[in-house]
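In order of appearance the chains are A, B and C, and numbering begins at 1 in each one.
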Amino acid sequence: MNAVLLVGSLLLAGAAAAPDAGTLLRDSDRARGGLERGVTWTVAVVATDEGSVSKSSWLIRARGNDGLAEALGPPRRKGEVILFNNRSIWWVKPGLRRPISISARQRLQGEAANGDISSTNYARDYEGTIAGEEDVNGEPSWRLDLKARSKDVTYDRIRYWISKKRRLGVKAEFLTVGGDVFKAATFEYGNRVRLAGGEEIDFVSRMIIRDAMGAGNVTVLEFQAPRAETHAASVFNVNNVVR
Amino acid sequence: MAMSQALIRLEDVHRIYRLGETEVPALRGITLELHAGEFTALVGPSGSGKSTLLNLAGCIDEPDRGRVLVEGVDAATLADDARSRLRNRKIGFIFQSFNLVPVLDVYENVELPLLVHSHLSKVERRERVHRAIDDVGLHDYARHPPDKLSGGQRQRVAIARALVTQPILVLADEPTANLDSETARRIVDLMVELNQKRNVTFLFSTHDEKLMARVGRHVRIRDGRLDGAASGAAA
Amino acid sequence: MTGGWKLALRNLSRNRRRNLVTGAAIALGYAGLVLLGGYANGNEGLIRLSSVYLQHSGHLAVYARGGLGKAQTKPAAYTLDAAAQEEILAALRADPRVEFCGRYLLGTGIAGNGCKTFPFRGLGIELDVERRILSHPQLEPLRDVARPRAGRPLPDAAGEESPVALSVGLGGARLGKAAVTGREAAVAPGALECEAPDVKARIAADPWVQLAVQTHEGSFGAMDARLVSLFQAGTVDGDQAGLVAGLDLFQRLYDTDRVTYVAAYLHDHRDTAAVARDLSQKLAAAGLEVSIYPYDDPKANPYYVGTMETIGAVVTFIGLLLANVVALSVLNAMTLAVLERTREIGTLRSLGFTRRQLLGVFLREAATLAGLSIAAGLVLALAVSAGVRAAKVRFQPPGVGGTIPLVIAPSAGMWVGAAALLLVLALGATWVAVRRRVRERVAKLIVEVAA
């Protein structure tokens, strides 16, 4: 399963509560990843593609806009590393002479897109407007319309539902340029992370990504043991990752 | 002289030429018979209808009214191919301007009518052609192209060509008009001789008074009508 | 009638200059048609060779059923597994009309230089089969096109570590690889420095590229590959993204033992349909679900079919123009001839020629003129094609990275067909010109004097 995927969780940013779209996005991003000082967790990925199932697990370290995913299994994938520097992704494999950069357009292809989805930093990359209010699984939510701020993100438009009560993203639809739903994701928040200051926040525990166009392809990401940790900036330098 | 069935009989034939909107009557009801062995001159001024009458008699034109009977058969009832065959077998033509085929030599020109419709063998054909050429006195010119011949010689070739099929009738339209008087005289002599020796029936048009004296029967035509059916015995 | 041909032949001597001009038009038209057809025929040969051998379509290609369209997106389901490959190869090798076979794996992915990556469209080939192809005597005319633009032919690097050939667009322009023989030079990765002159120089000198793909099983696969040559693909798409590597390398990259298709190369391309039919029956009997595409199948080989259609359209257009010129020349000449000979036509009619016989004289005349002119055109065409052959003219078609010979190879059918076409046109034009005249009243024809 693709590595990139898991990295998913590296989502960032976060701030106070205010009923405007930007604040909502920042709050919800916080529960899916990057915090200013750093956070670590593991993620198990189960991808089902036309009946065939593949599994992998990853150790994720995230800090601000950077993230580093290291493959823990299966055994033949051990040592593979995926590095997220701002919007660029580097993929490093043991024995490979150079890291491989993956561009936004290339991310759209195949399962790579899933990693992209889980790692999207909505507050940074998208301009949001509250387009309406709807219930998602019985939970009153705002429906936000997100438009890309720059061209180097994978999706031009996203529909995003944020729980009114919890201020967490519960559902997202990723649209193609043509306006069709390309993929859809739902988010659960069964984890808690205690920050350095003693504050405890909700943290994502499961992400389910469905391929809206393919034949029922589903990827499930289980997030485990999230903990706040301080990571040095050098951890996320591609030159240090390549050995 | 006992009159057999007419070779050619024209019955009240009319022929009108249409020039745009106007109609010009060329023949206005002509009735005429030609019999075997006759030597007939068709006499009249220019535009009197001589050529038209010859064309009708030769079945290369059709009357607007009246009938043309060739040996009793109405030419109008024949299909084009049959009419072509009839012309080939029964009628010889001699034209004022000879109308030889320039790319063929004397022999070939004379041979031309025998190439169509004829069931003659090659040997018979050759004999006929040579005889016709000899008859007109061009024995030494058989392989000459027409443009190497004088006007009189050319007309002799035309006469040989008209005779080679042994037709029942030879039609000659102003055969001497393009010739000097001496040559013209010789051509007429030749035709008279052929008429007398070979019993070839001739109908020829002319407006040359000197020639008319040599001819047995005169048919005068004026404004498309016969000027009294002047008739005389064959020479 | 007898003597018709003689008369026709004599008539040709009448207006010699006009007949010469008309004859020249027919001769040139004939030579033009034959040479044009020969050019198309010669090109067909070259394009077929290029398509079959250089683009690896084979004379026929065996895909898993549906594989032609779906192997790229669902490789696991629409490629040939090892057992199917064996079955197909065994069936092909048992057929004496098959010269040799090759297995091919198509795949897409991205190729990187440590700084940037670009998409590639690649083909994994068996290097010993490729060696055989490159030394195939039939490919002699395309030797220059088959030659890499830089570096060595891929089979020459067999046995070395991970050799790969890239299109000039991908390897040169996009990945910035100037040299294919350089030694490895360490490049500090990091997107920010990619445009720095020293980094660019090092990338250019570094023969290694990184290939990353989604494996057939759906995960990421990647490996280093060593650039041994740059080639020109001949198509825009191929030049931007073309990549060729050994089949074993490609199978490792995609983590599979499957192939996309098996191509069969025949001794004689004319056997293609028959071999395909027999193979289809054989494989169906073995219970194998495959699709077999001959080299001229538009779905499998749009390049060959499209190019041939384009050439066909151009040749047809020019051919029609030539045929029209010839027809109009004959029509003009015959119209004038009929006009000049109006009185003669009347004379011949009065002597007893039927319409049909007279038409026959003119048709014989036209046939004689056309026949003689076609003979002259034949000599001309033979001389030109021999001259072209002797001069060994070569040219570089647009988008092709090498020169190809100008081959003019008319088929027997073209020599005969063009002659028949022009003869029919000449006779038809004559018929049109003469038909009305011979139907007119004989008396009218006799008195009419040509203008």
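Assume contacts are C-beta pairs under 8 Å (C-beta built on N, C-alpha and C of every residue); 3 or more make two chains touch, one makes a residue touch a chain.
Everything numeric here is computed off the predicted structure, so don't read it as measured data.
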Pairwise touch network: line, ring, star, complete, or other: line
Chain of greatest Cα-centre distance to subunit C: B
Inter-centroid spacing, subunit B versus subunit A (mean Cα positions, whole Å): 114
Separation of mean Cα positions, subunit C and subunit B [Å, integer]: 69
Averaged-CA centre spacing for the pair subunit C and subunit A, given as whole angstrom: 51
Sites on subunit B at which at least two other chains make contact: none
Subunit A: positions in contact with at least two other chains: none
Residues on subunit B engaged by subunit C in the complex (per definition of touch): 51-52, 55, 58, 60-62, 80-81, 84-85, 87-89, 93, 95, 99, 101-104, 108, 111-113, 115-117, 161, 165
Subunit A-touching residues of subunit C, taken from the complex the two chains share: 74, 76-77, 110, 112-117, 119, 184, 187-191, 208, 210, 212, 214, 217-220, 222-224
Subunit C residues within the subunit B interface of the complex: 1-4, 6-7, 10-11, 13-14, 343-344, 346-357, 441-444, 446-447
Residues of subunit A defined as touching subunit C within the complex: 1-4, 47, 49-50, 52, 54, 56, 77, 80, 85, 88, 90-91, 93, 95-103, 106, 109-112, 238-239, 242
